[in-house]
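Take a look at the structures listed below.
Both complexes shown next keep chain A, but they swap its partner, so chain B is in the first and chain C is in the second.
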Partner chain A sequence: MPDDLSIHARALTRVYKAKPEPVTALGGVDLDVEPGEYFGLLGPNGAGKTTLIKILTTLLLPTSGTARVAGFDVVTETAKIRRVINMVAGGEQSGYGLLTVREQLWMFSQFYGLPQRDGWRKVDGLIEVTGLQEQRDQKVRTLSTGQRQKLNFARGLLNDPWVLFLDEPTLGLDVAAARDLREHTLAWKAGAPGRTLLLTTHYMVEAEQLCDRIAIVDRGRILALGTPGQLRRRVQAESIFRIELDHLPENGGLDAIAGLPGVVSAVRTDDESSEGAGADRVALKVALADDSALTSVVTAVAERGSHLVGLAKSEPSLEDVFVELVGRGFGASDEDGGSRS
Partner chain B sequence: MSEVGIARTPREAADWSRGRVVRANLRAVAGRAYPRIIGLTREPSWLFFEILLPFLAVSAFVFVYRALGAPEEFVGFVVLGGAMTAFWLNVVWMMAAQFYWEKDQGNLELYFTAPMHLMSILAGMAIGGLVMTSSRALAVIVIGSLVYGVSYQIAEPLLLAGVFLLTMIPLYGLGMLFASLFLLWGREAFHLAQLLQEPIYFLGGVNFPIRHLGAVSALVVATLPLAVGLDAMRQLVFPGQASEGVLPVATEMLILAVMGVIFLVGARLALRYLETLARREGRLTLRWQ
Partner chain C sequence: MTDRSAAVRGISLADAWRSFRTAIRLGWAIEANWSDPFLFAVYTMAKPLSAAMILVVMYSIITGGQAGKFLQFLIVGAALWNVVYGVLAGLVQSILEDRERYRMMKYVVVTPSSLFPFLLGRSLARVGVSLVAVVLTLAVGVLFLGVELRLNLLLLVPASVLGLVAVMGLGIFMAGWCLQLRQEAWSYPEAIAGAMYLVSGAIFPVNVLPAVVQPIAWAMPTTWWLEASRRGLVGHGSPGDIGALSDGTVMLLLLASTVVVVPLALAAFAWFMRAARHKGLLDMTTGS
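== the complex of A and B ==
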């Protein structure tokens, strides 16, 4: 029953007015998320993840289709939805810099209608849980990016949400701060059974670590959905090799490799923007139908003037699933935020 | 009983009684008023910018009036006008332009997704701003009165307090209305705020009795809460021929009450329109759009 699900969407579309023609950010999404489930939307920039979150958090109306959160309709029952959800976005600068951490959380607790005593108790508890004790009386504007995002995360838990939306929560954080935040999220999962998390991210590790199930989205559509293990098994039949070269092959470059017999896909995985700025090698991820195809790849690379610097076989990751599904890596995503319609 | 943590299902958690809705909105008002009030102790620079600078503006008019031999009540008019200017500045910069800036900070999205009514946020801004600005206005009056020897003849202090509060309702109601309109119209709230600031100084009669505007004055008084309130307060504080008002105090109070209703209802309607448009267009609440 849709009412028993935490999130239920059918044929959900969202088209933005734009010139010269409208942009389809969501192109007919069907999605069911069970209570207590940690669900990830994994996709590059412009895949439609944030648009979906904005519809589910009642910030945006769908162009067509239906969606329910905690059993309530996102178009007609917004007030009820807002009582049981919360949202935290990456890079969020919400609140007021002149307030202390404790005051800021208390202020937001009032927006969720918490009585004074409950509000302060909740605030102090969350400050402890998120490890902000030392900063509790520090002004918000003096916090580091990582501390700020911990504060945002604590804000997102003030009303004990039944459905928590995390939109790229570790965006811009350093490795340690991102790890901390993921640990806090897992701790919340352990301490709040029955609560649901919808996470959008383009970090594979984050999705694998936090989510029970993952939907891979691109250009407004869900391309694949399952547990991380199920998704990985989609490409398990293939052999994935990481190949490092001194420079890209000439005469057709990457496309020539991808077009060889037995090669399923070939994508560049290093930062292309660093080329010519001191980078001495390029990294490729090549999926092969069979290990035997590796010989032809190595030969083709050599024939095109490149030298092999490194070679390693790797286990398939969610990125491999993504590459197989859309034929390109995350770094090669569209910039326009959707497909023209 | 506590209102937190007792629900066993999302349906129970979303089922709020009418009383709980009212209490939640009142708490939201207090929550949003808090940063404004606490700002008094956190930002001491206001002593310079919001007391000394307005006092200098008041002083310029005092010297002009004294040089021209104007009735001494005019000095009091200017001091009172200078104090009321603080409220107008607060309305323009901290109410009307506020949603625009909240959008840039990312707060507006959170306000929209929280379970309180946006009118509670606006009311919190207004109450916080009123408290904060009252202290500044009082400081201008005290300093101005001491430096320029202004004497007041307040026969009916309660009536004066009533007129003041009645002035604040439409004044801040106008700010609440502008908050939505600035967001709908504004490419830059800064320019819109500047556009409103100086004309109101003039048409509001901040530095001179509004009746000297002649036939236009009646029209002005009927549309600007600052002008109506100031005219009524001057009549109550400086009784005499020089402070003769455009209309009797009772009539001006009635005008203020009607304005209050109109602006608050207007603010409510504008907010509803804003939210509908924001959800339909998908850009008003988003940063950098």
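== the complex of A and C ==
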């Protein structure tokens, strides 16, 4: 049932009027996000991620299609949606610079309808959670980018939202501040069941670390959707292992391994790490139809007198998945694609 | 999710009141803290006084220093106009500052609080400052320029309340309109306020305006508010046809024009909000 979902979108389209021709930022997006799910939209600049968030947070009307958040329609039930969502955007210097951290948060607690005393209690709690105690009475204009984003994040949790939208939340942050923010996000999820997150990012690590499922988006369309593992398997059906041995197996060696059930291929691939480690040391690249075939490979190696020195699974990255799907890397965002986010 | 969804309510009057109250505090923090208190006080006093004094000097030169009833008409009109300008500028600045400078409008919009009470509250600090300007200008008029106060609170109070509601209506219309415009739009309301200044009988009696403009003047609630407030402050004596009308007629026309303008302004604001949502302007930074 669409009403049971945190987010439900069907054929969602957004076209901006522009010259010389209209620009399609979203081209018929279908999306379902379950309650309690952390969902990532991964894509380059201009993919349409922010446009989708704007529609779902009621800032923008879709050109066509339908979308529901927490069971409410984004076009006609905005007041109800706004009570159960919150949003944090990154990469900007927003904030009422003349207010202190505490004042700004309290002000928003009032916009969310918290009684005064509860508002102050909530504000102080979030200041502590986000590590802004030292800055609590500091004016917003004096905060660093990372501190501002922590403040922004604290504001995003004021109403204890059912669905939290994070739009490139770590954009422009240093490594430590970005890590802190990701940790806060995971801690928020652990705080109560059913909390849903929609994250847009073009950082692979962030998407992998935070999200249960990821949609790869480009030019306003969802190209692939699944768990990080499922997405990786789209570009690499087999499991690839790098096996390092003290010497080449006897009695048929590589051919014997390649002939084992479940083994797709086995090739010698001596590289820098195996060179110089020992005169006889070898590295093999073994492709398996399934991870379970690894046991028979290790057994066969041992039976043929070789000893396992190293074992590592070779995984494709999400960027590999993106390149496979789109035909270009994240760095080479297609400006001509015309998507506007 | 469905059970929880059923428990979610829309915006209540209490929500609107809480937002309004909080926005007043925000507006005051922004209005009063852009400079140190001394400079703020000097600016608050000097701006309206200098604007009024320019008019007085021009009038004195033209009339050869002959003070008269018209000087009183001029000073009271110029003083009261500070309120109109304060409301219009306050509302428009709120839109532009929150969207473009502080970049917080999108975060306010996605709260359950409506933007409407937020804007009203946010602009009220400016109205407060403009009331100081009214008092100061009138005080200078009384002390140095021969303005004679004949207070009629039974007329002044309801006229002020109705007038403020009407001017807020005009301001909210203009704020919605500015939502559609670029950052430089702050100057448009100033231009419109300037035009209204000329046609609302603030400094020129409506009878001396060109014939084509006079119907606009008669339709403006500001015209009736200024006349009712003048009578409440200094009694009768406005030049032209308007001076001959009874107090009841002036108040009735103020009420009628307000009743027409305010619902239209609210409907227009709702339409402008939807248009801004349609065009994606609520979080747009246009100051490039």
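One rule holds for everything that comes next: the second predicted complex is superposed on the first by the 256 of 341 C-alpha atoms of A that agree within 3 Å, B and C clash if a C-alpha of one lies under 4 Å from a C-alpha of the other, contacts with A are read in each partner's own complex, and residues count from 1 in each chain.
Heads up, the rule we're going with is that contacts are C-beta pairs under 8 Å (C-beta built on N, C-alpha and C of every residue); 3 or more make two chains touch, one makes a residue touch a chain.
Here the structure is a predicted model, which is why all the values come from computation and not from measurement.
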Combined model on chain A: chain C and chain B, fit or clash: clash
Message: So in the superposed three-chain picture, is A:S144 touching just chain B, just chain C, both, or none of them (first/second/both/neither)?
response: neither
Task: Return first, second, both or neither, reflecting whether A:L5 touches chain B, chain C, both chains, or no partner chain.
output: second
Message: Tell me the contact category for A:Y16 with respect to chain B and chain C: first, second, both or neither.
response: both
Task: Using the superposition on chain A described above, determine whether A:T295 touches chain B (first), chain C (second), both, or neither.
output: neither
Chain B versus chain C as contact partner of A:Q230, first or second or both or neither: neither
Task: Could you look at A:D118 and tell me whether it touches chain B, chain C, both or neither (first, second, both, neither)?
output: first
Contacts of A:Q133 with chain B and chain C, given as first, second, both or neither: neither
Chain B versus chain C as contact partner of A:L61, first or second or both or neither: both
Doubly contacted residues of chain A, that is, touched by chain B and again by chain C: 6, 16, 35, 54, 57-61, 70-72, 79-80, 82-87, 89, 92-96, 98-99, 103, 107-108, 110-113, 159, 162
- line: So, in the complex, the side of chain A touching chain B is made of residues 6, 14, 16-17, 35, 51, 54, 57-61, 70-72, 79-87, 89, 92-96, 98-99, 103, 106-115, 118, 122, 139, 159-160, 162-163
Query: For the complex, which residues does chain C have touching chain A?
result: 1-2, 4-5, 8-11, 14-15, 18-19, 21-22, 25-26, 29-30, 33-34, 102-104, 106-113, 118, 274, 277-278, 280, 282-283
- prompt: Where on chain B is chain A touching in the complex?
  reply: 2-5, 10-11, 13-16, 20, 23-25, 27-28, 30-32, 34-35, 38-39, 42-43, 105-107, 109-116, 121, 278-282, 285
Message: Residue numbers of chain A touching chain C in their complex, please.
response: 1, 3-6, 16, 35, 54, 57-61, 70-72, 79-80, 82-87, 89, 92-99, 103, 107-108, 110-113, 155, 159, 162, 194
